[in-house]
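Beneath this line is the structure, given in structure tokens, with notes to follow.
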């Protein structure tokens, strides 16, 4: 959001933004439909659910509104570009590989998700498990537990996981509040180092645990850059500087960005560890 | 103890027995203590909720009150207030929020479920507007009141038990405690007996708020960060614990012990499922089933001798 | 007299919306007297005494109590001033035990006081024994029957040690024995110098107890008289404004058809066993008994509220199974319950809805609401039973106690039943309306209804019944012919064991 | 809150001083404000924002499911009950529908019919515990609230999302018929049905009596159990209908369908003047309650100031909360005023005048 604001200012565009704290498909749908009747030029969405949102997006396209997706994709025919911070495969593979690196490629791991039904969580899970099975057959996912996006709940779950699975080597949290929650649980159980913690998260929420050595690594992408790039893509699309079939375009301070097919690539996800923990602030 | 409390205790005992046989790892010192510590703030809120429901009211804004108190206390602590000052502040803030509910319900005579529905939404969305879901990072000395972890956990537990025992004692042994029962049973009869139902109702809500504030502090000292969403769903948990524990939603019947047992049962379920290695997507169904089971034990009870009274003439 | 009154009202007025319940009533109560308050249903008696207990805030006038003038009292100032009251409709806490109910009424206010549970229980037991109650102090009030609740109210008033005791129809559901005991208590209070305000519709009680009488009519005081200066006919004239010639309508010969027959019926759940009797069409069958004798329980069995688990019930010769009130209604059995506050009238509903509640076949012909018909039926019964109400749309809860009872009766008359069970139908009903109800009951019987009449009012049972069944301990102890003497009925209700004790 | 229609003496006062009138006024004010400040002409010269017809239809479509749930809840609340499980039943039915159509391969309309039955059965579970075993509705539906959402998750293991429904079915949620969004017609039919039931049939009377005094209803020989059961079964079936519309509108069926909708539905019902203690309330009131909330939510998202704050969601929540309080306070005001009036300052403890 902050990044998008900067880009909008640079480009002199007006930016509307709506991101409810708790998202679901129906709500997103309503927001998009409201925007359509407001007659905006471009709609950029991070689709909570592909199919349901795509109906509304196609409607927008029919009315001459350009649509791009970012963060998580919509149906390909419902948007012109997808600003891809990292593909689900990319994230899932990075998570799985990091987990393997931390555990030495064997042992029990447990996963904490936001809710069992959140679609991005499903996407990642769906790819983590095969990746592990294929490349690291001696690792085993023993449990997947939801945390309702609550840090406290994640902490309770992690505590229970550690006592239920005494041989647990690693807890992977794939929702933002999950990582500090699991870390706190490990810390309170006095198992820092014995049970590793890793996952997807934001630097500020995890810096403390990373520095203490409880959390081993956090995978993230630069949300500021993502917003910036999204806003840039949106504006360039309207001005016609970015057309289907392009292979790259210039995105302000980010420089030249690659376009593969209809994906605008931000780059690889970052791995946030003790060594680079002061480099990010968001 | 009344039948329902025994029934819920029975269901809990069965659950623990199953755990003892199938997953003895559930009964380990540190994780169990950690589980109880995590539920301690909810227990404090359940005590308050018991009183509110005994008075024939309900408060569904407690989750939002909890969140607001947590964030406010967290921000103060982050600005360097000592924990000794943060605690009374949070309690007072909670008291104030509860008093607003109380004034609307008792003063204007509005139905509590609607009033607290409104304050719940208002507080929650207000907090979202201000905080946008961002965590508050706390300084180190806040955690465990500045104690070590183990004594810290014990002191959180001790506070919760003190609140439980204290409210049980007050409800049973002080005239003021009995007034909650009287007003919940029949407000008009209470008025005629010289009790002031409005004051009692107000006190129930204000007390509930103060306990929310206390619970918020008990929660934020457990970790170095405050999540503004922390209170989401707590109202449901507290209410479920209390009603499962046999406090009659029509007022006047029940005890805090029932609420405590109900909470223990509900709190054990997720952890128990993990230990029993049941996959997570069964969790809600099982939780719902257990609630139904706990209240279905009532069916077995021989029919009341006489028909229950009609609700005392509703407001 | 120079003794200052304990309690005096000066020109009290009180309105409820458009209803002017009290219009400048003055009244005084002296120490050492029983002051009866009389009036038709809705005359304003309960309203007046609720002003004294702080339950109502009057619109105008003053209350003088204990050397002080007040514009209004609150429940706690009233209590502090030594005023205790037995309300017409028990103001008890259904979820709490009897002991606690008494405790909340009697113990000093102070919220921070410790509760002495043991002392409470001892005190409660003592008080209950004093009024002759036989239930436990640990019983929850919701499990008590109406007369038992009334005993709790009485115990609370007595226990308060108040100098001013107000009793609003305390005997309405008590039987002779409890009544006698209450009179003993009232006399003792009087002799100790307390003042008692006594409200009742039973004139023989007034004659027995009262020193002075104040009559209210339409919210105004008609006058205060020495009790021995006015005889019952004069009182009736003062209250009603006209003469009432005859109290009970003459009995009519019943037809030979059996209306309802009960053969060895019982229900273990409510402790009714082995009851057999038959009521012919056109007959009024009275049921007498002490509090707790099981008459209400029998009625509940017949109406399907506690379905019979033994024996048989026959309607016009056919055996029927009555498993629920719905089934009873289908078979044409109607039941006017004794506890009108809980069961009789739905207080929040308008009077018209209350009256037509059981007669939905009539107001929903083919399932659709016929509002005009509903109104017609309501107005018919309001007129026939002289129900005093602001209109058919007024909520039943705003009616006076006696008028609520009339609404409850009207509901079942509107159904046009074949068997009518009346449980204390005239409880709390004023003398004029009572005569009207009696006439109506007899008229209904003549049209071929079988009527079962339960009443604790001995003269009423004797005056109305063609035959009298006497119940004791959930069983039918015997059947007496109509017109049996009061002492014969009393003897039968008490049974041989107690008769010896009493003699 | 005023007593519901008693079918008597109309008189203009009765009509003007009804609680519903207050809601109508509120609604009109809302609408005018949003129309004035939420409509504009954009750079391309097209009228955009709240004032467009499209936007009005969106309001209809977006509030349809919550509206159905609110309608379903009205009889339940009239009986002094509550059904917290409606949104969970909706989720459960959405999944059942998806499974029947997608996995079991039933024709879509058969699957829809079976889903309605499933919804009624789910309501039947509530009815069994509440009407038959006489357990408190709040606890029972708290249990089924978890149970049905849980079953939905268990059936799909949380993961499966059913999509690619046939166009004919999506017509129900995304297209128009005779000028109005298709689901609006369904909604109208249900509203009319509930209105008849509550205001014109015996059943409605029985709902109210049960709400005021279940014992009183039993003593009047009314079908207490059966009517209570009806309210819950109907709520289940209507929730199933809402599930179909939800699925058709979004083109997907998933276990998290309509999470949290029960709260909105209850809010709409109580804002509409139905007493949570039972007995009092009207169907038009509920409809107005829904409308007030729906217009507010959508309208705020069209106001430039709110849009710039990026806070449509939050401010809509805030305002709904406030509105609820204001409406309640206004509804209670006449009663309060009349109760206060006689309480002129109490000249207590005046000295006694010499008695004559």
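Order of writing sets the labels: A, B, C and D. Residues in every chain begin at 1.
We adopt the following convention: contacts are C-beta pairs under 8 Å (C-beta built on N, C-alpha and C of every residue); 3 or more make two chains touch, one makes a residue touch a chain.
All of these numbers come straight from a predicted model, not from anything done at the bench.
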- request: Please find the two chains that have the most C-beta pairs touching each other.
  value: B-D
- request: Go ahead and note the Å separation of the Cα centroids belonging to subunit A and subunit D.
  value: 35
- request: Just give me the whole-number Å value for how far the CA centre of subunit B lies from that of subunit D.
  value: 28
Message: Roughly how far is subunit A from subunit C, centre to centre by C-alpha average, rounded to an integer in Å?
response: 73
Message: Please output the residue numbers of subunit D that touch at least 2 other chains, ranges allowed.
response: 153, 156-158, 212-213, 215-216, 218, 279, 313-314
- request: Would you mind listing the residues of subunit A that make contact with two or more other chains?
  value: 21, 116, 146
- line: Residues of subunit B that touch two or more other chains sit at 128, 248, 279-281, 283, 307-310, 314
- request: Kindly provide every pair of chains that touch.
  value: A-B, A-D, B-C, B-D, C-D
- line: Within the complex, subunit A is touched by subunit B residues 23, 25-26, 28, 30-31, 34-35, 38, 128, 132-133, 135, 137, 149, 219, 222-225, 227, 229-230, 232-233, 270-271, 274-275, 277, 279-281, 283
Statement: Within their complex, subunit C touches subunit B through residues 53, 55, 74-76, 79, 85, 87, 91-96, 100, 103-105, 107, 109-115, 117, 142-145, 269, 305, 342-343, 347-348, 397
Query: Where on subunit D is subunit B touching in the complex?
result: 80, 129, 133, 135-136, 138-140, 142-151, 153-154, 156-158, 212-216, 218, 263, 266-267, 270, 275-279, 311, 313-318, 320-322, 324-325, 328-329, 332, 335-336
- line: Touching subunit B in the complex, subunit A uses residues 21, 116, 143-146, 148-152, 155-157, 159-164, 166, 177, 180, 184-185, 188-190, 204-205, 208
Task: Enumerate the contact residues on subunit C facing subunit D in the complex.
output: 4, 17, 57, 59, 62, 64, 67-72, 305, 325-326, 328-329, 335, 337, 342-350, 352-353, 357-358, 360, 364, 367-369, 371, 374-375, 392-393, 395, 411
